[in-house]
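Two complexes follow with chain A in common, the first pairing it with chain B and the second with chain C.
What follows is the complex of A and B.
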């Protein structure tokens, strides 16, 4: 239960970190809070030759509202969000998600950028940020690119990050005053990885919704044109109109063959819809 | 070795440690502060919880080197702490411990709840303590003890404190270090050179622990596809992450299969044999291999069956991929993640196969490197089967 030996570098700034990554040609692993990588290192599932510790980089610890969105540096922790040390443009949605990630001792070090980079389908930010319509900025020595969260996660533990690239910031749009939010997950033990996640952002007055079915062992299902899930139109009565059969069909299409699993996912999604409508 | 300077229980400490030394091992082995207990060593049980810059953190998955300049408080440093003094009395009164193994971590987490929670709501306390496992008490006494201290303090008009007093952003314990690097050269011993003996003598039959079914179609006739499946070198070239180490014969194919699931990488070297039945257009590849790096072994098989489609113009290929893992990589199992990987790899295999059968040059076998980072060494080039996964906490890096 001790990691295999590794070399350790603590770069002085982001550019130095990116240079180290570029020079390592894939032999290096970035560590931030280490709450996902640490266990894997201890179990020797991961044995990098070099660890680049970015946890001290002030450039990645910003949190500011700019251009109508919240920009969070990759090193903002779950506890930072839970406690309200960062501004909130989601009217409490992100705070509630953060407060239920793992355990407090983990949230004090675990970072939003690290969680996204790890791309575990069962983790909370992948699904919740996709529902909130967030985007992520990736940076390498060659420059930066920004993409939607749902494009960033390409599979189980597989993200769009290329060699030499790291998550720099997360951009969260302001939640409309008329938009309802619901988030539900199923865990057999508090704090463990979820077995099912439902995240819904419904704006009845704009007749729009973003619906996410997550923790399905691969990229979450993100529905941006969600009218069909609510009997053809999204209106004030969306709670009554939620159509479990459409959700079930989406899961079947995503390759979830087990009817019990689909039932759990549909139930959790329904809970999220009910929470949004409450 | 790195020299690590930090504060432990208000005392400045400067000691050498390897980068891989956890904060828990650092305080226990180098400072003799053995009140910090190690249980699971992967962040689940909470026995190792200490205060890092005043807030709870797992010292088993926090490396000492990452805490340069930080302020650490272990259970020994809480002797005079006001909240912990009250908690100790309450733990005694409520029989909140038996063997005591979880107690140091439990007190650190309980202290944090006493500071932060607005009231003594039982559910919130239980959720707050869910990251600290106790196998003796059933938690009833612990919860009562924490409730009583919160009630007493709120009755004395001591207000809760959001965030336990933390004001800065970023991982607790970070931010006070200057840049640094390990002083020694390559830390790892070179892997033992690959030898002939890596390929086992015998290829046994087995019953797979996990079986994944996959299916794809090819725009070629079944007979042509079946003939293609007889070209072992050609098939190997289409399989992501597979390379052959000797000229293949049906009864013995020696080679290597590399897999990667996120940051987890393995490269299994071994042997396989190929069986086919022309009457049913079906066959089976069964093999056995070991990954030196992780001291893991796998047995695997691919059963295939070809079915005519579109009146024989096209072929449906049905695959049943079965495997059993032993060793280090077997400690975490999440078949769902492997299924996702298998799906992606099979899609790639199908694409390569189609390209090859249509006469296009096939992609190089490094195809298993789906997203292209985390290459290990000259021998272990790409990685294939991503068989593993869950390490038990709520998705927080």
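What follows is the complex of A and C.
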């Protein structure tokens, strides 16, 4: 299990990195923490000509509250968030998610931008950040564009990133004081990728809810206006009104044929709903 | 009892109490090295001129090889079967009647019969470059139908793994005792039960560094091997060399579990290669190779009927057991050891008047099945103990009661069971009673009747097994495999400064034998264990032994060390008596010195005299000196029987399928324990593997024979967070047949957990109408069964 030969560059600033990516005409891979790419290289599942190591890019390590939202550089690690080294606008929601990603060695090196770029359906950030209503900024030499997380993840291990483009920052909106947050996942064992994820952000006073069913074989199911899952309206009694049949139908529509799998997903989502709290 | 006078079964080990002898909870000597990262494993060995090997392996489960294409630039660095002139295939024959022989070519010829089978060997200065070469080699394969289902493989008309056999059955056996007597039993339950294919997954995989030393005309193979002398015999046969021309060095070994007892085609290939090239070569197994191509085990299927009376008394068992043996018969244990053992051990620790078991060892297009810790017993225990719980449910009894009604009783020992297994000693009901008391069945039943607030369901399960260990000549001669254990030997040598060197042919790959064998020697000679060195893992340095397998090393090598040390002690005593100017009959060897009425002389002084001042020796001194090799066999070599009762409490989420182990109790009787701390470690480690079998580990295959769990992301092993802090209780019933009364205990921890945990899960879910009869118990299987039971209930209503 040794990687195929590749060239390696470690640029010192973002523009240099973007230039290298642009010049590589698509045969480059970006490495940050290397927690997913490392094994894939060793298994020769990817055989890039060039590895651009962005771990030296200070501008991607920043985390700041700006314009009423939290802006996290792509190189912020899971452990940075878990340990509270970054500011938080989610009242602990992101910190709790971070603390349960894989195990500590992975969290020490793995980055939020890397996790999003890898777009593994079973990863935590693509589901939890979609539920929190986060957006992601992508940058290339041609400029920057920003999109919702659910638009960024387009399939299993497939993101909207184009050749020459890099995840620059993640924008997380402030979680309202009245918003309930619930996040549940089921893993075969501690530290393994989840086989079911449920994330809910419910604001009974605003009558709004975002629901995510993640760790399915494809893009997470993101319902930005989730009233249908609660009998048509979001109110204080939303937990009692949760309608498992609607969730099951969403999964069927997403192509999950196995009734057992659907039942597990619905049960985990239900767990997230029941555990949701302000 | 032939040597009764020499066998001490009472608790009379003075040095155990002093902190170093038999019975002492001594921290492991080797841990100072191993826990500081100073161990030396095969992959740590650096030899000048060393080059690395990567293998081209078959991507298909079953195919005819039409061509192997090597790019021009790599000719000379790639070797195929056509190059290995004169190398014989690996043949592991069983003497059991009807056994069909497979020949495993070390590099594939004609056909490939499993994914991962070696096709070509690529050599380069580094492993990465060797993998580049391997990636450039293309295979022209004509795919053949893959045989992946052992039950279908038994049917007429199945595609064939070995065409000339005419079917896919390595061996069929049949054992019967009066089964017709059971047929009128009021309880008759039949089920199909299966255990998944697993991978053994020691921390260290296999690895080989081969070199040829011209001066000695000797091939030296550094290999992560638990049975180096057996590896040497097998290697010599394949290479056509004299055994004396081959030296196997097995350095520190990071776990074996059976995987490292097997002669590998890689070992043969690298031996040939180093002799061709004249420089050292290395192959280190990576985790994907380990999972895909090498270390499979455990895949059993049972169709089993249990007959019982209404009070839970067993009337008989009728079983048809099938084991997926994979493509080839592995050296030395053969392809049928697992299935054929099922027939003899299925009755477990229970009495019954009627019994029948047919077994099938079936060839498929998968890795050869290898003997993994617990060999056959884990599957047998799973099948039998699940059935006993069904008997209990049918009879309206507590599962523990059904066990107690049928277990062999202490006053029946020694006991010959229905398959003529000879139980040496023990109180099985007491182990079960203690486990039931410790797990507190009554309080769990009370809790169950109240229900859980979190939607989960609580269940309790028990299981009990017996572990035949250190079975010797009388047992293995019947199997007719390439290896039959005889007398075990040990060499003991006093050094001029009064230290002790012990040489044994068994190996230690986690068992702590550098400590426990030193404790045995301390018990005999009183020498400080810090001054006792254990030399093992090198055919040039150690007496011949079949090695470490079958939980035999403490019984066999421990017995041999004690025997050698006793003789050494007598020789030292005669020299000491002379130095004290006493009659030898009037002195004793105690606490490392020879004592008489006038004073004492230390072993150190005695050794100094023998080596440095021979002028002071008595005239009648034993010319063999202070170096002794002695052999040992237990008084009876049909094996020791250790046993344990396990009890588990679990919480099951019926909607998500998660299983949490809330409590776990083990009551174990391993005879006299040389080092209870080491035994605890063996039990905890075995428990972790048993939990893996119960809940996590599975190597699935698709219809074309592709193994699907090719990394540790897919092949799940339990980690620290999945293994509960089990509560251990020891009983110590000595074996009447062995030195000190010890019994082999190495595998037991891995035998009982799948059954105890499955019984607990079924206990939790039984009110929902759920019955899980397959390991591992995954969330998907739990929820699938729950949903099926709900559907069945709805359609019944």
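Here is the rule we go by: the second predicted complex is superposed on the first by the 276 of 278 C-alpha atoms of A that agree within 3 Å, B and C clash if a C-alpha of one lies under 4 Å from a C-alpha of the other, contacts with A are read in each partner's own complex, and residues count from 1 in each chain.
Everything below uses one rule, namely that contacts are C-beta pairs under 8 Å (C-beta built on N, C-alpha and C of every residue); 3 or more make two chains touch, one makes a residue touch a chain.
This structure is a prediction, so every number in the text was calculated from the model and none was measured.
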Touched partner set for A:3, first chain B, second chain C, both or neither: both
Broader residue contact with chain A after superposition on the shared chain, chain B or chain C: B
Partner chain(s) touched by A:173 [first = chain B, second = chain C, both, neither]: neither
Which of chain B and chain C A:271 touches, first, second, both or neither: second
First (chain B), second (chain C), both or neither touched by A:39: both
Which superposed partner A:193 touches (first chain B, second chain C, both, neither): both
Chain B versus chain C as contact partner of A:259, first or second or both or neither: second
Which of chain B and chain C A:120 touches, first, second, both or neither: first
Footprint overlap on chain A, where chain B in one structure and chain C in the other make contact: 1-5, 39, 43-44, 189-193
Interface residues, chain B side, partner chain A - complex: 2, 18-20, 22, 25, 41-44, 46, 49, 52, 55-58, 60-63, 65-66, 68, 109, 112, 126-128, 130-132, 162-163, 166-182, 184, 186-188, 261-265, 293-294, 328-329, 331-332, 334, 336-337, 339-341, 343-344, 370-376, 386, 388-397
Of chain A, residues touching chain B in the complex: 1-12, 16, 25-27, 29, 31-49, 51, 53, 55-56, 58, 60-63, 73, 75-80, 83-86, 100-111, 113-115, 117-126, 154-164, 187, 189-194, 216-218, 255
Chain A contact footprint on chain C (complex, rising order): 126-128, 131-132, 135, 286-288, 653, 655-658, 696, 711, 713, 716, 718-719, 721-722, 778-780, 783-784, 787
Complex interface listing, chain A residues touching chain C: 1-5, 39, 43-44, 186, 188-193, 195-196, 259-261, 263-264, 267-268, 270-271
